[in-house]
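Chain lettering (A, B and C) follows the sequence in which the chains are written, and residue indices restart at 1 in each chain.
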């Protein structure tokens, strides 16, 4: 639709539309933030650009699908299992591929992660074929309506769980012993090691945690959209956009970045063209590089 | 003796169309050659400047699209109310246009992306290729979107009476070989000069390079422009060979294919991308011969990438050089000069 | 820019005026003012954390000072990029060994000759004979530079394979290849054995004999007192003394802040 083509009726409803887009963005932003936090934690602690992040997200969605649809496992139990399996998968990737590359430069680990990404994605494609699957959810189908605004119960649930997980991650990073080790490693890995922090364990735990969050995001969004093997690519590119936006390594940045991206996408697809919805992330990346190359929240010394 | 080996090798390659009649094998050689050209250009960035540029397929695709569009002619709105109409141009001109378009994009993205390094740069380079893919997919008026650009003409040179048509495979093969040799020569000149030393210097130690007056960003941009122009040439060759171009040309997997060629062969060596390119140009064919689905090929690429990083981190060519004691550095003519200078003093 | 403030002597090659550097709340340098005159060897000394390397970084554009000015040949260097400062003739070495590790020693010096070379991208891509001719000239100059620091026999070894002391010499050769008129040496003899230190002092004098002004940051007092024309003492970001080596050695504040401990170490 061309910019000048809005007719009178559409103009009249544009405020409601704007509010509806805003609401959609807030709901979506929660899951985006979840994705971004996982990625930014892994980068901040391990200096690894985790290209498998999107595949772990897809993995979460597929576990959800496999448990709920053919096996008939309870929806909420499946969600917990998907996240748990995501954590295990993350730990396995770290132990198998990264633990031996701890002193390697960032380009080396990136190549390994790209290799793992390509292998994982095509294994998914081989195992599940390219056909899209949908996952049944136990929520009432009719949306919650409030004035001119409406939101589905499922999305509301997704937002609630995502917020809970984000809050949990903040608690973990800022208030627990593990979080203390995490922050110490983030500030200065060598000093942290000298102070008795087991860097190898911190690495494995971080990667497992980040992957768990990605799998949770996948398991949450799988029932909202559909499940396809290439869903990981899109998720990964969005997670990268979020993390660049917020500044690599910043948890707060990733949270805010998730919501900014969701708003940009909602407004972009609503007012420019739905074909460019997925381009908004990249456009934001390029804009942020022009204005502030290190991201909005580049806090070198702090993790949160 | 070893000095003439490369020339003999090129002569041998040039003779292939004279005795090879199997069109399928020629097809494989052509596509492998096109990928090798692209991989050589990527090596300039990846190997010599040390920047992990993961958007390289964008330049390949821009070269292909620009060349195809110029040869077909097009009508599109560049901005609202600004209609640009281009009549079909001769293919040689279109190909040069493709190369120029890729180079211009290389300049722009180089200026933008090299404000950052490391992980940021990598993500920016990937994003750039994705944006270009989405534009190719959605700007239907210009690119036909997923319907693809069809009936792209093949290259014809010369005037009526004495006309060379690059429609048949032996001719396309010769053209690809010529472009590959030219690209190789250009890249070799570059890396064995002041510019190449500046690129290697910034890869080895950026602050030290700056301290002796090397304008690091300028050389990164130069490397990007040359690399994208050559990748654009490869894309133009591709477009006028397969004669159909769709947005899938921008898929990340093709960048991965180029990266794996360079890394396996040996980044930062002149021969590396050629060795890696031959290997990974022929591997998919052998997998296909075993009736494997394409996913298996990509899985194999992914696993191989991990294995190469673990077991052959510097690639095949440096490993062979070490084994046989003939490193590229020692093979340079400078060695003789130094020996002569020592004898003088 | 500000002639009223400019108390530099007419022959001051480098003049640092009221230079301050703060990182967040930490003051690395507080209002540093000193000159280096053409042909001089000036040493900048002070305990660890006194701000010496920060001063080098600010002079050579690796660090943006909080305030103050750095003038070279009476033109401000502030705001210039590091490579542009090198092009003006101010070249520094680095405290940590800094060579192009993966390349041969000869290549390292050729990389240092970047500013000397006149090759353009076009002439390179066209393969002009002028490029080949210049490559031969550059190689001769690089070998001459290696002869100057005594590394010709190592020309074809990888820089990373050299012993520590020779890597430091190579670092100096790379810097000299950039044809500086002012050379900043950052702790060039740290980690060297006494024989290497002695020969490095000789090298510093020979560099000065090539009409290159030298500013030296160094902890090793024997080297500093042996080669310097003038010594500037920094403590906690401030200059506490500026004078000839003998003067500085007698200055009670210096002895209290630094030299007492330094001499005690040197005599062990």
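The rule we apply is simple: contacts are C-beta pairs under 8 Å (C-beta built on N, C-alpha and C of every residue); 3 or more make two chains touch, one makes a residue touch a chain.
As the structure is a prediction and not an experimental result, all values here were calculated from the model.
*Asks:* In terms of CA centroid distance, which chain is the most far removed from subunit A?
*Replies:* Result for max centroid distance from subunit A is chain C.
*Asks:* By Cα centroids, which chain is closest to the centre of the whole protein?
*Replies:* Of the chains present, the most centrally placed is B.
*Asks:* Could you please state the distance in Å, as a whole number, between where the Cα atoms of subunit B are centred and where those of subunit C are centred?
*Replies:* 41
*Asks:* Round to the nearest whole Å and give the separation of the Cα centres of subunit A and subunit B.
*Replies:* 33
*Asks:* Averaged over CA atoms, how far is the centre of subunit A from the centre of subunit C? Could you give it in whole Å?
*Replies:* Distance between chain centres: 48 Å.
*Asks:* Tell me, which parts of subunit C touch subunit B in their complex?
*Replies:* Against subunit B, the touching part of subunit C is residues 60, 62, 81-84, 86-87, 91-94, 98-104, 106-107, 110-112, 114-115, 117, 119, 121, 124-125, 127, 131, 135-136, 139-140, 143, 147, 152, 155-156, 174-175, 177-178.
*Asks:* Over in the complex, which subunit B residues touch subunit C? Could you list them?
*Replies:* Per the touch definition, subunit B meets subunit C at residues 185-186, 189-190, 193-195, 197-198, 200-201, 204-205, 207-216, 222, 226, 329-330, 334-335, 337-338, 341-342, 345.
*Asks:* Under the stated contact criterion, what part of subunit B meets subunit A in this complex?
*Replies:* 50, 52, 54, 80, 112-113, 115-116, 118-120, 122-124, 126-128, 130-131, 134-135, 137-138, 252-253, 256, 259, 263, 293, 295-296, 298-299, 301-306, 309-310, 313
*Asks:* Tell me, which parts of subunit A touch subunit B in their complex?
*Replies:* My answer: residues 2-3, 43, 47, 49, 97, 100, 106-108, 110-112, 114-123, 125-126, 233, 237, 240-241, 243-244, 248, 273, 275-276, 278-279, 281-283, 285-286, 289-290, 293-294.
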